[in-house]
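In the two complexes below, chain A is the common chain; its partner is chain B in one and chain C in the other.
Our next item is the complex of A and B:
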């Protein structure tokens, strides 16, 4: 057993209202520099939809993530030793600017400087790359709230395996449905971006598992951009370096939640430490698709297990981090209640961001002037929801419905339980049976309810102490560093070598 | 610059005794070309002549100081134009030179600075200048009075011997056999590798009978080299110590054997008088093959990176039927 700690995350999709506050907070803090205009380290997508960049989930086109080759070994889909040389001048699997969008601003000056005329002056969109007036073709949320559904929603790669009828229903007026998928870097356990970098510029921080790009070592190969199946590394065309979400590590190190977490209006985000067994990562990443979710859960370790604690201490994981792991809300969602699931684990990067699948709005249909609930139930049946189970399974269960159904059933049971508690208009016996079928005790239902609906700031963010001062001592002796450094400035990243 | 090198080189030279890293070879090559430059500045000899004659000058830089120094110096700097008792090459046979010109001071002055003596319209200097087909003797590298005296002593000693070690390669005047020519051709083409491991001629030279691009373009065409160098003796002497800037660093360490020289001279003699391979047609072929190759490579790249224009979003947009067009 090789115990490591990882700051990991849960996004509760049932609570997300799609306000993009997280994206704006992130952009204001990190990506308002030149060359980062198109980068959305945090973005919120409408599902069904093609997301950002367009159809990022379509790995036939982008070749992201890992695949198992004929020998059963893991291989990076987008590159390999033999592919580096012939593609040295051009990586064929990169998203183009059109697949992102051409970042733009507006010619606001024109509003003031326009000569007098018959019409109101307008501010034309100006490309942030060329400075020319452009005709905006798409943007990072072009398909927001099902905008351009015929192009975007209908080409969602997660619709694969849905029947023609299910697809039709998704876009019929009566059953129209959408939910939001906020995305940041998953800080994976088996990060494909790190593995693909020819310069070794990417690394996963030992103490908290945050995946970072060393701006001084990055040589603009852009292998990470091609390799990341979530398309969460971006190339800064101005500096000539790749950048990605840093999980606001400077904020974490000072005990603050990352900007997107902190600003989340719907309080959908949870952050906490997970302990995992690094020895078994490769073994788990090679499992067949339907065993991946369970396999992933099996390498996350119980922070209360004395054996785990002893091994963690042997690996120099500080007591404070183990304590944080024991209080981690992420551990509750992922391991105890098993209602949070890793997105697209079939890419085999073992993401450490988990999503609680969303409950669909109650199903209704309209005949003449009357609106009918499709079921007699107060809440609909999960198998009959607007969002087909298969769709959620494609997104969160590597195509297998079992884990998704389990998570939804438990959430549904909690709803019925709370209805019985607060309103009392439902049969208690039926609720108890439902809880039993959902593998959920009353105490557990209460705990889920509390952490979902009544969670305070400190419940949601259990930020471990980072001990940066100690962590840095492992690399350099501060006293020696002080002596050697002298006066001067820390240089910023520069284009080129 | 020159001074710097003179200080530096003995230091490297001492390293040479124990081991010899490759950067030293590189440095030596650089030093040689630098020497060449210095010579051209100092003597103001016309370039073609320089290429041929300043050779002995830069043939080598004395890196090791020892008893063997003077004979080595002679071999490296004088032997491609002079013999001792081997007959005239470009320059006169030096056997008994001290008897022919008893004025020792004159000889030393001439060795040290032939250009100055020639310029002073000295009658004896003029005479040997005419005899040498008006090719002036170049300045020798790192020449000092002491060295000139030692050289004269060496010539005197060697002159007394029946067979001087500097007699030069004695090529018989007998006609060469077909076998010699055949072997020479093989050596030229590189079919038969050089004994000491030097690069074969075709790497840099071309000769009559080769297809376009068949031979190297770095060195001159060698079809009529026999005529240009006026016969076997000079050609052999040249091959013994090829001393151009390009050939020197290679063949100093991998000299041609006398058998190889014999065969090559035979071959060169047989090609004399024929049309050179390096013609205008050759150049056109070279240009054309470059152009065709460039186009072929562009197409190849186009195939290798055929996916470079793949787009994801645009085809989705374009696949949607335009509204209002039933």
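Our next item is the complex of A and C:
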């Protein structure tokens, strides 16, 4: 056993209202510079929809992630080791700016300087790259809220494998549905971007698992952009460097939640430590598709298990981190309740961001205010939800419905349980049967309810101590470091001419 | 001006100035501004003509560079290889083909950078000077291959000794001054390009990712010292 700790995340999709506050917070902090205009380290997309960059989940087009070759070995789909050398001059699977959008601003001066005329002057869109007037054809969140649209929703790669009837259901007007999918870097356990970098510029931080790009070592070979199946590494076209979400590590190191987490209006985001067994990463990443979700759970270790604690201590994981792991909300969602699932685990990068699948709105055709359980199936509503189970399974269950149904059934049971508690118009016996069928005790239902609905800041973000002083100690006396910080001639970065 | 003095300047002083610039400035730049070591790829901004410009250029110039290095490093073996006319023809034709590939690629690069507005915006004056130098150098190389054939042999027999004399710090320019003007021009421009090298994006050649093929796929960096560091990641 090789115990390591990872700062992991849960996004509760049932709570996301699609306000994009997270995206804006991130943009203002990190990507408001030349060359980063088109980047959204955090973005929120409408599902069903094509996403950002367009159709990022279509790996026939982008060739992202890992694949198992005939010998059962893992191979980077885009440019494996053997393909890197001949393809280094032109990466064959590199997305271009057209797959994202051309960033623009507006010629606001024109509003003031326009000569007098019969019409109100308008501010024309100006490309942030060329400075020329452009005809804006697409942009960030261009398909926001366009569930049911034929250009966007219908071209969602997750619709693969859905029956004609299920597809119809998604676009019929009475049953139109959409939900939001906020996305940041998943800080994977088996990151494809890291494995693909010819320069070795990308790395995973040993202590907290954050995946970063060493800007001084990045040489713009662009392999990471092509390799990441989630398209969460971006190419800075001006500086000639790849950039990605850094999970706001400077904030984490000072005990603050990342900007997107901190600003989340719907309070959908949870952050905490998971302990995992690094020895088993390769074994798990090679499992067949239908065993991946369970395999992923099996690699995550119980922070209360004395054996795990002993191994963690032997691996120099500080007590404070183990304590944070025991209080981790992510552990609750992913391991105890099993209602948070990894996105597209079939890409085999073992993402450490988990999503609680969203509940669809109650069907419009349901009768009045009474709850009919005409059938014996108490979970009729999730089996006939507006979002087909198969769709969510393609997104969160590697195509297998079981784990998604489990998560939805439990959420549904918790809902009815709380309704019985607060409104009292539901038969308690039926609720108990629902809880039983959903593999959920009353205590668990209460805990899920609390962490979902009544969670405070400190419940949602259990940030482990990062012990930067120990890292500094390796190089310099921390007191001296503190005294010297901010002095000297560092000089800004210079572009490579 | 005394032609002898001019030759001394062009074929002794200039090479030493350029070579020492290359040595000192690349180290200095790596030390102070390693961030600036980047290939500054423009593939992201334009993904189609990129292939037709960049790929022939790189393969062409790589083969040509390797050819020059062989003639410089192992001239005797090269001459032995060339002693058989058929092998000489094959070598000459291959060199010409790679030279033309380089030229085609360079023309593509010029067209791409000049006509596409997005790419023009990420092209600096340094880039234009460098592309100009490489273009002239390539054209002069192809012209030599056509007008002064069997370059692989006369390079090995006559220019290699000159280059060796430079590198062994006992410059002897008698070989090179006897060369036709086109050849002299090619040699001078080569040294100028070498001297200009550390000030351009060409430095990305020095950071080619050779360790990649041998390293483990995953890279983990530790910030705190560990007692028992296990390299378990695949």
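One rule holds for everything that comes next: the second predicted complex is superposed on the first by the 456 of 497 C-alpha atoms of A that agree within 3 Å, B and C clash if a C-alpha of one lies under 4 Å from a C-alpha of the other, contacts with A are read in each partner's own complex, and residues count from 1 in each chain.
Everything that follows uses one rule, which is that a residue touches a chain if its C-beta (ideal position, glycine included) is under 8 Å from a C-beta of that chain, and two chains touch if they have at least 3 such contacts.
Not measured: the values here are computed from a predicted model.
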For this session: Using the overlay on chain A, decide if chain B and chain C clash or can fit next to each other.
Result: clash
Exercise. Between chain B (first) and chain C (second), which does A:90 come into contact with in this model arrangement: first, second, both, or neither?
Worked result: both
For this session: Based on the superposed arrangement, let me know which partner A:205 touches: chain B (first), chain C (second), both, or neither?
Result: second
Problem set entry | First, second, both or neither for A:256, with chain B first and chain C second | neither
Exercise. Now for A:494: first (chain B), second (chain C), both, or neither, which partner does it touch?
Worked result: second
Exercise. For A:169, is the partner it touches chain B (first), chain C (second), both, or none of the two (neither)?
Worked result: neither
Exercise. Which partner does A:278 reach: the first (chain B), the second (chain C), both, or neither?
Worked result: second
Exercise. On chain A, which partner's contacts cover more residues, chain B's or chain C's?
Worked result: C
Problem set entry | chain A positions touched by chain B in one structure and by chain C in the second | 89-90, 95-96, 98
Problem set entry | chain B-facing residues of chain A, complex | 50, 53-55, 58, 61-62, 86-87, 89-90, 92-93, 95-96, 98-99, 137-138, 150-152, 155
Exercise. For chain B, which residues are in contact with chain A within the complex?
Worked result: 304-305, 307-308, 310-314, 316-317, 319-320
Problem set entry | chain A-facing residues of chain C, complex | 32-47, 50-51, 54-55, 58-59, 117-118, 121-122, 124, 126-127, 199-201, 203-204, 207, 209, 211-213, 215, 217-228, 230, 232-234
For this session: In the complex, go through chain A and note every residue touching chain C.
Result: 2, 74, 81, 84-85, 88-91, 94-98, 129-132, 190-191, 194-195, 197-200, 202-207, 215-222, 225, 235, 237-241, 278-279, 281-282, 314-316, 467-468, 470-471, 474, 491, 493-497
